[in-house]
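Shown next, in structure tokens, is the structure this report addresses.
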Amino acid sequence: MSIHDDKPTILRELSHFDGGLVLDGHKDLSTGKPVQPMPAVKQYIVPLQQHIGAISEPLVKVGDRVLKGQMIGRPGDLVSAAVHSPVSGTVTAIEEHAVPHISGLPDLCIFIENDFKDEWVKREPLGDEYNNRSSHQLRNLIRDAGIVGLGGAAFPAAVKQTEMNVHTLILNGVECEPYITCDDMLMREQAEQVLAGADIIGHVIKAQECVIAIEDNKPEAIAAMQAAVERDGTGFFRVQAVPTIYPSGGEKQLIKILTGREVPKGRLPAELNVLVHNVATAHAIHRAVYHDEPLISRIATVTGQGIAQPQNIEVLVGTPVKDCVEFCGGYTPQADELIMGGPMMGFSLPSDDTPLVKASNCLLVMAKDEIHYQQQHMPCIRCGHCVEVCPARLLPQQLYWYASSKNNDRVQEFDLFDCIECGCCAYVCPSDIPLVQYYRAAKTVIRQQERERKASDLARQRHEAHQARLERQKREREERLRKKREMLKDKEKGGEKDSKKAAIAAAIARAQAKKAEARKAQAGATEDKTAETEQEQSQDNTEKPTNP
Amino acid sequence: MTEYALILLGTVLVNNFVLVKFLGLCPFMGVSRKLETAIGMALATTFVLTLSSVSAYLVNEYILAPLGLEYMRTIMFILVIAVVVQFTEMVVHKTSPLLYNILGIFLPLITTNCAVLGVALLNVQEKHGFLQSLFYGFGAAVGFSLVLILFSALRERIIVADVPEAFQGTSIALITAGIMSLAFMGFAGLIKV
Amino acid sequence: MIFKRTPSPYIKQNISVQQMMFMVLYALVPGALASFYFFGWGVLFNLLVAITVCLASEAIILRLRGRDVRHSLSDGSALITACLLALALPSLAPWWLVAIASFFAIAVAKQLYGGLGFNPFNPAMVGYIVVMISFPLQMTLWTAPMGVDGGWPDFMTTFNWVFLGKLPYDTTIDSISMATPIDLLKTQLSQYHDVFETRNNPEFSALFGSLSGTGWQWVNLLYLAGGIWLVKKQVVDWRIPVAFLASLLFIANLFAVMDYSTNSSALFHAFSGGTMLAAFFIATDPITACSTPRGRWIYGAGIGALVYIIRSWGGYPDGIAFAVVLMNMAAPLIDYYTRPKVYGKQDH
Amino acid sequence: MKSLFLQYRKSILSTTALLSVFAIIGALMVGLTYISTADDIRRNEELQLLKQLNTIVPAELYNNDLLSDTITIKPNTLLGTSEDTLAYRARKDGKPVAAVFSSIAPNGYNGAIHILVGVFYDGRIAGVRVVKHHETPGLGDAVDASRSDWILGFNNKSLDNPKEKLWKVKRDGGVFDQFTGATITPRAVVKAVYNALLYFNENREKLFASNGKAAGEKTADTPPISKSESSEAGNSKPGKATLEQQSHD
Amino acid sequence: MTDTASITKNGLWNNNVALVQLLGLCPLLAVTGTVVNGLGLGLATMMTLVLSNSAVSLIRPWLKNEIRIPIFVLIIASIVTTIELMMNAWFHDLYLILGIFIPLIVTNCSIIARAEAFASKNNLLDSALDGFMMGLGFTLVLVVLGGMRELIGFGTLFSHAHLMFGEIGHSMTITFSEDYPGFLLAVLPPGAFIGLGLLIALKNVIDKRKAAAQTVVLQKVEAVSS
Amino acid sequence: MLTVILTLAIIAGVFGLLLAWSAIRFKVEGDPIVDQIDALLPQTQCGQCTYPGCRPYAEAIAKGEADINQCPPGGEATILALADLLGVEPKPLNAEHGEEKHLPTVVRIDENVCIGCTLCIQACPVDAIIGAAKQMHTVVESECTGCNLCIPPCPVDCIHIVEVKPTVRTWTAELPDPGPVAPHAV
């Protein structure tokens, strides 16, 4: 696709994406109070992987003292992110611990005991100076600050901002999932900072405009952002209300709404000259640039009827979930399930021992009567309701059939990997099939097979190399044997040195026999006459070493 | 023209070779597990069937009939078919590896597809001329292809179904073919003869 | 608090398969009542036998397979199969015919494939075809509709015939049964009598109503009403009935305009036989229909065309069952080739 | 290409030879069998035809060679035929006994019904058989003698037994049974048989006219009954007469 | 694997042409309207199988890859034509009924399959035996399927037996009920498919029972020995 | 009679010529199917299939000598893939050859016990063990296929099997409970 320099990327009239749902928002639950800063707690658990990409490498040892904001894990690869200590204190352990991951598996975490001194590492805020810095320098800054996308996927922001040809920055303040209000509250309370962050991103990617998209069920946020935009007055920003349809906050869906075009399959939004960032990401970048503060805190919504005082809290990354819950008044008696994320895309936590991470935008504790429990599901009746709501225009029922029969070829042919796991299909399915779970299983299994295939390709290469080496060695050995025999024939009398030579020959023969054994029957057929006789002769010799 | 259209309609729908006339059932059952292979088989069979229908007609008309050797028909026809198939296979194998990848494994199977010999023999029985033989062969092949492809798509669905154990596999496939044949009876009487 | 782990999403739209099935049953009621009114006790007996045999076969097979009988029976799908079958079969069908059709529908066409959700063919229609080709004689035994000379026989006559195969003294089955308008028109046309001749023939004219056939038109109208309600409730997909009716009417009209003396009118096709029942209740069976949006258009239109072809030129009087099963057969392939273009694959 | 051939000459030739040898062996086997069975087969085919004709005109009623005493009938509207057909003539001691000829009822439920009608010289029906039809199994196919005895009901009927008005199925006020639920098929057959009688009545003498060659002479070829084949066989062989096209109103 | 017992078992059950290999389906489904038709074609096929297997086994040394198949079909076609001529001469009525399916024995996939898979690799005796057993297995299925269809479709068994057995055949016909209305489905094409499907399911059930019984026996043996 | 024989012999001769010629003219080398099969095998090279490595097994399958259900490391997935490729019915793993491992394994050498005899190095089909004579040896875990061929030769039994536990990065999600009416896997 070419670059349309003169065409406006963003339509004046909104478009729409296919499918989608109108959901009950339940947002009032947590917007009653301003964002509450959460006081520090005793222990923090910082997972080394809180982002997409390679796991970070720990920079500290057990017993080290760390300062607040100190980098304690460095990016493990190009696509990776740094992690920082949320408080000053001591590293008490580096070990596997429950993390908020859908698998429920533990992962490597750094445990830090707070000394409550709140000692920061040395900070050198850049401030407005960033205007004089190159994109490259700013990206380094963002990367070192460990900033990842806070819209859900936690993709390292600096990597995302290397995209070329981006004219338009879209700030995603849609927040389409029910219950979640952290972006809403952020925009209401810190509109200026969000804009400042967006300005920095705009500077990095050399954008010409920035559209802030907000669902029309958040009038306060729209008003706040609008006011800030007017105060800014540069004309760089524009606030755009979008209809409340789940999942309009999905990157691809939002792009479709705003530009009327679809990101080509398998390509990036940059193809349409846009870049999407969550408002909280912009805010985090603002903090990094103006306060030299890495991403060690975020706003999270703690909500649901299972929570005594639903509200938004500003919380340090690594804070155990149970402390957050306690801060919000604890569980109510009806509390039934603890969910990280929203009710559509979140996943339940096996315990509240796990820490909150960078991507944790919501802690949802649902009560028995508001949660829908998956019963044993009925077979798919192919009603097609799921097809109607799928925003990716997939055939969820077909994916389900293939996934459940482990037909990995077909499931991929039907574009499984284009599924954004939004859950719309499962929401409407009259048979109550946990569709997304099927897709997730299929996706992880296919990825696993991909890894296995790579491993087996490697093994094949190594095996072939191994075979070739054996072959070569055999040839060389035969050559040597032949020469030796000739020599022996020449010097029939000189028997002194023979014993040594015989010993060497025997050793070689022994090795030969071993290999033959390893290669089993096949060897017998290919071995030539001399080798065979050698092998027979050497049988006796090899007896001993194998049975010590 | 109507005559040829009627031949086509008759062989494809009303007297479908597989479901009504019971010819070509082995490949119908054997290569219908996957849609792609079914399509490959359909293409290969269409080619061979049409070609051998015409070749057999020529052999019958210009060699057997003049020499009064009608009773050698079966032998001659099958020989012609075997050679057409074998030759096609070798040529395709060498000249178009891509096509061979798609059709290759099916070609040898076609020799023993009853439909091929059946068409040749029926052409004689029905006293078809050259063009009629051509259309008859082609129609038979299209009819075969149509139900083969439909059947394979169905089978891909059935394989996921919760079929009782004893019926899994070929059993339910045959029953499905039975219901297809049931449905094809709806075309009975379309062509009043 | 106990930490449960269940998969997302945690909220849900509230309509279940069972509810859908029962809504279909409710929507059938007006048409079924009309059917009873016009065709008499036979309709009731059909329903009785079909429901008994369908539920019993389903229960027995589920029990044999060690499945949860209660759970599966209560989903209501076997009940729909039974009702649709009973309403499609002729009103003077002997009980064993209804029983055989029901058994085939449930045991072979549904449960051999694993039951609800897995059967590729419409069970009711497979049952219908089985008896249609096996017992064509009994499949023509319709009563004269209410409003036609003689009307339908009384309870005891019907009962004796349906269950015991006995007829009152000096009546033959020919004298209490009567061809349906579709069949009549078709046989008359095949004997070179044109449409007007037939409709105006004093022997038959009472059988034809203003739209199509006496009784038949009302039955069809009420199924249409029930169907529209189902569409509104989003239980059935609107594309299939629309495509079906559009294609049937279009083709019928095309031929009627070309030669109105030997082709019956589009309205006649729309309101006779099982047209409306098929359009809204049978073709729409989600399990056996296409499930992609484009596929549903093709599927519905295909049924419409096939119905017309079989009705007009085929050997069987009403082509609905054949047309439906033929398109069932093609559904997986159609689905495969009518996948919507996934997000981002569309060319702009 | 030539070099290729030379290069592999031995292999190519041996392949060719091998296939030829097997072909020769096969041909030998089949040829020998053919020679030894040819007579049996021919006799079988004749017997088959004769057996069918004898169900209409019993063998004891005639003593000529039915199969070779034939006459070709040109296409005729009363018979519904559009191609030449053969009539077989039974004679006892040279006197005409009966003729068996084909007729087609065009308006069966599923298309044309091909029948064979045998009529005694005096105009009574000797027998009727359906030889080819597409009627619905279980319904219209009862006209087939192997399905029901209905077709035997024509035996001994003639143009005025019953009267013309009654040459109909009962439903239409005639004397012939229909089948429950199926009137079309019997109606069509009754009509066709009646027309066949009409035809016979008009052409009786011509039908039995003897032709040049001796009536009892055996011919090598046995004309089969079905219409398409009979035309071909009937034209070329000697010893056959041809009945010219008639027009009727 | 080539001992007599296993050849027999393979042919009749484990590797039955019709039920397991699903070969030779066309004649299998087309002519099984009655028992007698099935039996007739079964015997003809069996004869062909024995002869073709023997012939192929005999000519093993001369087989060449590029003309292997043509030679097989030549042999088979010669045998079939011979049989066809003989049937025409001696069982004419049956010949008429079996119709096109006699020459089609040539393409009965099972015959060439046996030639390829067995006869071209084994000696004469084994090949002939294999042909016989495969043919017998095939015939059995033909007869059983024919019986099923005839019984359900017409309510008779062995009707038209005179076509094969001559006049005494007439007395062999068993009619179960004079006024059986007939169930056409069974004799029409769909019935053939469904019938074979049911037969295969039956075989599956029996196999499973046998396997279950075997494991029980094994367990018992183990229990006793331990 | 003579015509019969001559005709057939001549025609057969012509066909024979045609085929023989085209067999030479259109000769194709190599057998791509072996590569395709080999690509589906796990390349553990463990020999449990009774063939000395994956490629020989692939060749045996291509020739029709071996069944598709003899490779325990590949397990169900490999059998399904092979059945798909070859167009045959899938069947369960033949228990004679072993059982499918549900967690992948590698081996680890107890470095305190290892005497450096190099026997394991010679046994390893993928050269995943490094070390020299008389020095302790180590297994490169990322290259070890878990074939366990190195275990029997070790004179001091210092090689142990360890399971590779799934992590958040290699985890695979389970298919949900399919409910009362369970669609079965192929």
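Going in written order, the chains are labelled A, B, C, D, E and F, and every chain counts its residues from 1.
The rule is simple: contacts are C-beta pairs under 8 Å (C-beta built on N, C-alpha and C of every residue); 3 or more make two chains touch, one makes a residue touch a chain.
All of these numbers come straight from a predicted model, not from anything done at the bench.
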| item | value |
| --- | --- |
| Topological distance between chain E and chain F, in contact steps | 1 |
| Co-neighbours of chain F and chain C - touch as defined | A, B, D, E |
| Chain whose mean Cα position lies farthest from chain D | A |
| C-D compared against C-E, more contacting pairs | C-D |
| Inter-centroid spacing, chain E versus chain A (mean Cα positions, whole Å) | 61 |
| Separation of chain A from chain D, taking each centre as the mean of its C-alpha atoms, in whole Å | 83 |
| Geometric centre distance via CA averages, chain D-chain B, whole Å | 32 |
| Distance between chain centroids, defined by C-alpha means - chain D, chain F (Å) | 67 |
| Per-residue overlap in chain C, given as positions that touch at least 2 other chains | 7, 108, 114-118, 130, 133-135, 315 |
| Residues of chain B touching at least two other chains | 71-72, 75, 79, 83, 86, 90, 156-157, 159-162, 167, 169, 172, 175, 179, 182, 185, 188-189 |
| Where chain A touches two or more other chains at once, by residue number | 374, 378-379, 401, 404-405, 407, 434, 437 |
| In the complex with chain C, residue positions of chain B that touch it | 35, 149-150, 153-154, 156-158, 160-164, 167, 172, 175-176, 179-180, 182-190 |
| Complex interface listing, chain C residues touching chain A | 1-13, 15-17, 19-20, 75, 114-118, 234, 237, 286-287, 289, 291-293, 296, 335, 339-346, 348 |
| Residue numbers on chain B that touch chain F, as the complex places them | 31, 33-34, 37, 63, 67-69, 72, 75-76, 79, 83, 86-87, 90-91, 93-95, 101, 105, 159-162, 169 |
| Residue numbers on chain A that touch chain F, as the complex places them | 49, 55, 99, 101-103, 105, 107, 374, 376-379, 401, 403-407, 409, 434, 437-438, 440-441, 443-445, 447-449, 451-452, 455-460, 462-463, 465-466, 469, 511, 514-515, 518-523, 545-546, 548 |
| Parts of chain C lying in touch with chain E, wherever the complex brings them together | 108, 130, 133-135 |
